[in-house]
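Before anything else, here is the set of structures, which you'll find just below.
Next come two complexes built around chain A: one with chain B, the other with chain C.
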Partner chain A sequence: MFDWILDFYNWRVVIQYIPEFQRGLLATAQVSAIALVIALVVGTASAIMSLSSFTWLRRISAGYIAIIRSTPLLIQIYVIYFALGPVWLLDRRLDELEGGILALGLNAGAFMSEIIRAGIESVETGQVEGAKSVGMNYVQRMRYIILPQGIARVLPPLMGQTAVLIKDSSLVSFIGVFELFGAGLTLLNERLMPNEAFMTVAMCYLAIYYFMFLLSNQVQRKLGGAYS
Partner chain B sequence: MFEIIKSTMPFLAHGLWITFQISLITIIIGSIIGFIVGLVRAEKIPILSPILGGYIHILRGTPFLVHLYFVYFMLPSLGISWLQLEAFPAAVIALSLYTSTYVAEVVRAAIEAVPAGQSEAARSVGMSAIQNLRYVVLPQSVKMMIPPMGGIYVIIIKGTSIVSVIGISELCAPENTPRSVTLVN
Partner chain C sequence: MDKIKRLLSVATGILALGLLGIGAANADVVDDIVKRGELRVAVQTQGPPVSFVDKNGKRTGFAMEVITMMAKDMGVELKILDYDWKGLIPAVISGKADFLAADMTPNAKRTLKLSFTEPYLYSDVVLYAKKSMGFSSWQDACQAGKTVAVVQGSSNVGLLKAKCSDAQIKEFSGGGPAVAQAVAADRADAGINDQASAAGYVIEYPDFEVLDGALKKWPLSFATRPDEVHLLRWLDNYFMLIRNDGRLDQLADYWMRGPAWKADH
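Right after this comes the complex of A and B.
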């Protein structure tokens, strides 16, 4: 009765590949998580630099953002993986996982930098003046007054950018990192079953997206009372 | 160094031309589809709007790479003859659908940003729903759509680099990069 489903989506084959997809899902989670940490660190640093009073710091930050935003992510991954020679201090080339994560992190960092800068700028001057008047220095003001308020305010767009980062992580499969999309490619190559391969991959990504969506709504509700 | 750049120039120029073609076609098709979807979403038509909402969420929840492989590998396996797409039309279709979700959200936001009083006033002077849309709401919202559209089109032009993986020789395709022609990075 349900034979036509097997024609279109043979779940019996997919079940055999569940370990692959699990491994892929885990790898996607790992790659995205590490890239997210890099992106947040680089993005915050770049946002602070872009608001500093030193011209050259502002220029470095503006140049970084312009370069990243004006080139495709695929090119950035290729440049970092293929064109970057042996890394100073590491004394060897980056392997595909490190290269992919670094490219993803730097890419998301530029976009997050813009978001975080908007957050920092939205903190009222009264807050900064108050911090100054109780004798806080620049680092203390950033650490205890400005960043906590600024970043909390832009959490929803930051989570949207994180969802984009997770989707973009599918591109690192082209330099040979095994992740969720790579698992789909494995099924495609071994069994020549594009339906099963990419429907499953799409469902996994949709599940991640839905989870991020719920989380973002939750955060927005939590912040709604405090910051809007 | 200069010989390398010189010898790869024709390939790069060809890739640039293909990138330009794909971008232009998808921007036009994607904007038209996106505009219609956004309009339907903003007007809150009972059954159609939730369906299109699902369409947007599904497309935005999956990577573009998955859309591309869907169109290029999955549609031919359905066995319908006109769905056996070549690489170029497959890329254009996948990118257009991807563009349309972005455009639809911008259009919807712009239409919803027009104050409700405008529509109410238009209806109260006897305009029909179509006239209201044509003469009152759209002229105001189009102005708001233009700035974010620029950002979307940049995303799309960058997105065309991904279609190189199904074998279209645009700027990023392996056989076009100086790297694979000369093996020098």
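Right after this comes the complex of A and C.
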């Protein structure tokens, strides 16, 4: 029934590589998920810093964003992996997985910082004044009033940045992490089948993206229902 | 239901994109080469000594000199198509290039998809490491607790798994130079490559040495689309000719069997 597909996509061969693709998919999901958490935390912190009334906090944030946005991600990964010495607290050099995740997270964090800042700035001053009038301090205002509304509004662009992050995660293969693209490359190298290799990789990325899409819809429904 | 439909349509789109890459099968590509007066060859962007850009900014190397000679003897122009490893095979299968000129190793499964020429050379696979590691033979680097770096997905991955399984194997994409970089930055205790490349790294990084002994001899071939019988016979015949008149050995001595080329390029 599906034999006509074999002409350009030999799934009989792809099936033999399911363990590799499973391993790659898991690694890509793991790298992307942890990097996303780092990106959101760093991005939110940097966004808040960029709106602070302390000049030096604003400068740190601006410097971080400028450095990350002006250099290629691959260079950032190489610098963190090859050039960085032993790290404080760990007392050793980062391994390829840690280095790759950190680089990806810091990279996406800079882009997300600008998105989140736009979200925070979109919250009406009335909301902030209202929060002040019921006696909320700065942390409480951020936590209960400003961030939930601000982030709910910029969820779609954040989702777009997340998709970029997931696809960028294939660059960690340059420092020796075996991920989804590595699995496709194994198939390509052993069987010389580019269609099977690249299309399977594409479909796995599509599956991850679709899962993220559903997840962000859930989040948006939850936040949107309460705040918009 | 709507979502499933949308997903299906996207999946179909991806498959359709793949379809575009297929086709382009002509009766006899040798005829085409003569008619168009141009030989189109895919080479790999991979670093010395097979195909690389030298210090004068000129693309050169063993494979480049062989195909330049080939086009001259055919009496046609040469068009170089430059790909990294991921692009090399699609370029040949889709018909963008007439054949690929690289140091590719034929094996039972690969030969199902491409036709390989008779090997033009057999090349030793060796390990290299920093002198300070104190290794003497390759077996010293293949012990538990050591790390050996290799080009991701290359034939050498399987070779390490078979002969060097006690050591941890780290795969780096980005080709041989990226693997050498990993060894230089102490991210791996040793690296694996063919003898010619390893000899190149020893010159580039003076604190490197090539470890004694070869893990294996790989046959190196060019490859065509599976149905290009005439072209394949032409290539085999050409290798026979230049082997007989000594030109193949001359090129191999200069490029592949030692670092002689380093002085000029």
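One rule holds for everything that comes next: the second predicted complex is superposed on the first by the 199 of 228 C-alpha atoms of A that agree within 3 Å, B and C clash if a C-alpha of one lies under 4 Å from a C-alpha of the other, contacts with A are read in each partner's own complex, and residues count from 1 in each chain.
The rule is short, and it goes like this: a residue touches a chain if its C-beta (ideal position, glycine included) is under 8 Å from a C-beta of that chain, and two chains touch if they have at least 3 such contacts.
The structure displayed is predicted, hence computed values, not measured ones.
Partners chain B and chain C, once the complexes are superposed on chain A, run into each other and clash. Of the two partner chains placed by the overlay, only chain C lies in contact with A:Y81; chain B stays clear of it.
Of the two partner chains placed by superposition, A:A110 touches none, neither chain B nor chain C. Of the two partner chains, chain B and chain C are each touched by A:L206. Applying the stated contact rule after C-alpha superposition, one finds that A:M142 touches neither chain B nor chain C.
When the two complexes are overlaid on their common chain A, residue A:D168 makes contact with chain B while staying clear of chain C. Of the two partner chains, both chain B and chain C are touched by A:N195. When the shared chain is aligned, chain B comes close enough to touch A:P72, but chain C does not. By the touch criterion stated above, A:I48 is placed in contact with neither chain B nor chain C. Overlap of the chain B and chain C interfaces on chain A comprises residues 82-83, 173-174, 181, 188, 194-195, 198-199, 202, 206, 210. By the touch criterion stated above, chain C contacts chain A in their complex at residues 7, 10-11, 14-15, 18-19, 21-22, 85-86, 89-90, 93, 109-110, 112-114, 149, 152-155, 157, 170-174, 178, 181-182, 185, 187.
Residues of chain A that touch chain B in their complex: 69-75, 78, 82-83, 167-168, 170-171, 173-174, 181, 184, 188, 194-195, 197-199, 201-202, 205-206, 208-210, 213. Of all residues in chain A, those touching chain C in their complex are 5, 7-9, 81-83, 96, 173-176, 178, 181-182, 185-186, 188-195, 198-199, 202-203, 206, 210.
By the touch criterion stated above, chain B contacts chain A in their complex at residues 57-58, 60-66, 69-70, 73-74, 77, 154, 158-162, 164-165, 172, 177, 179, 185.
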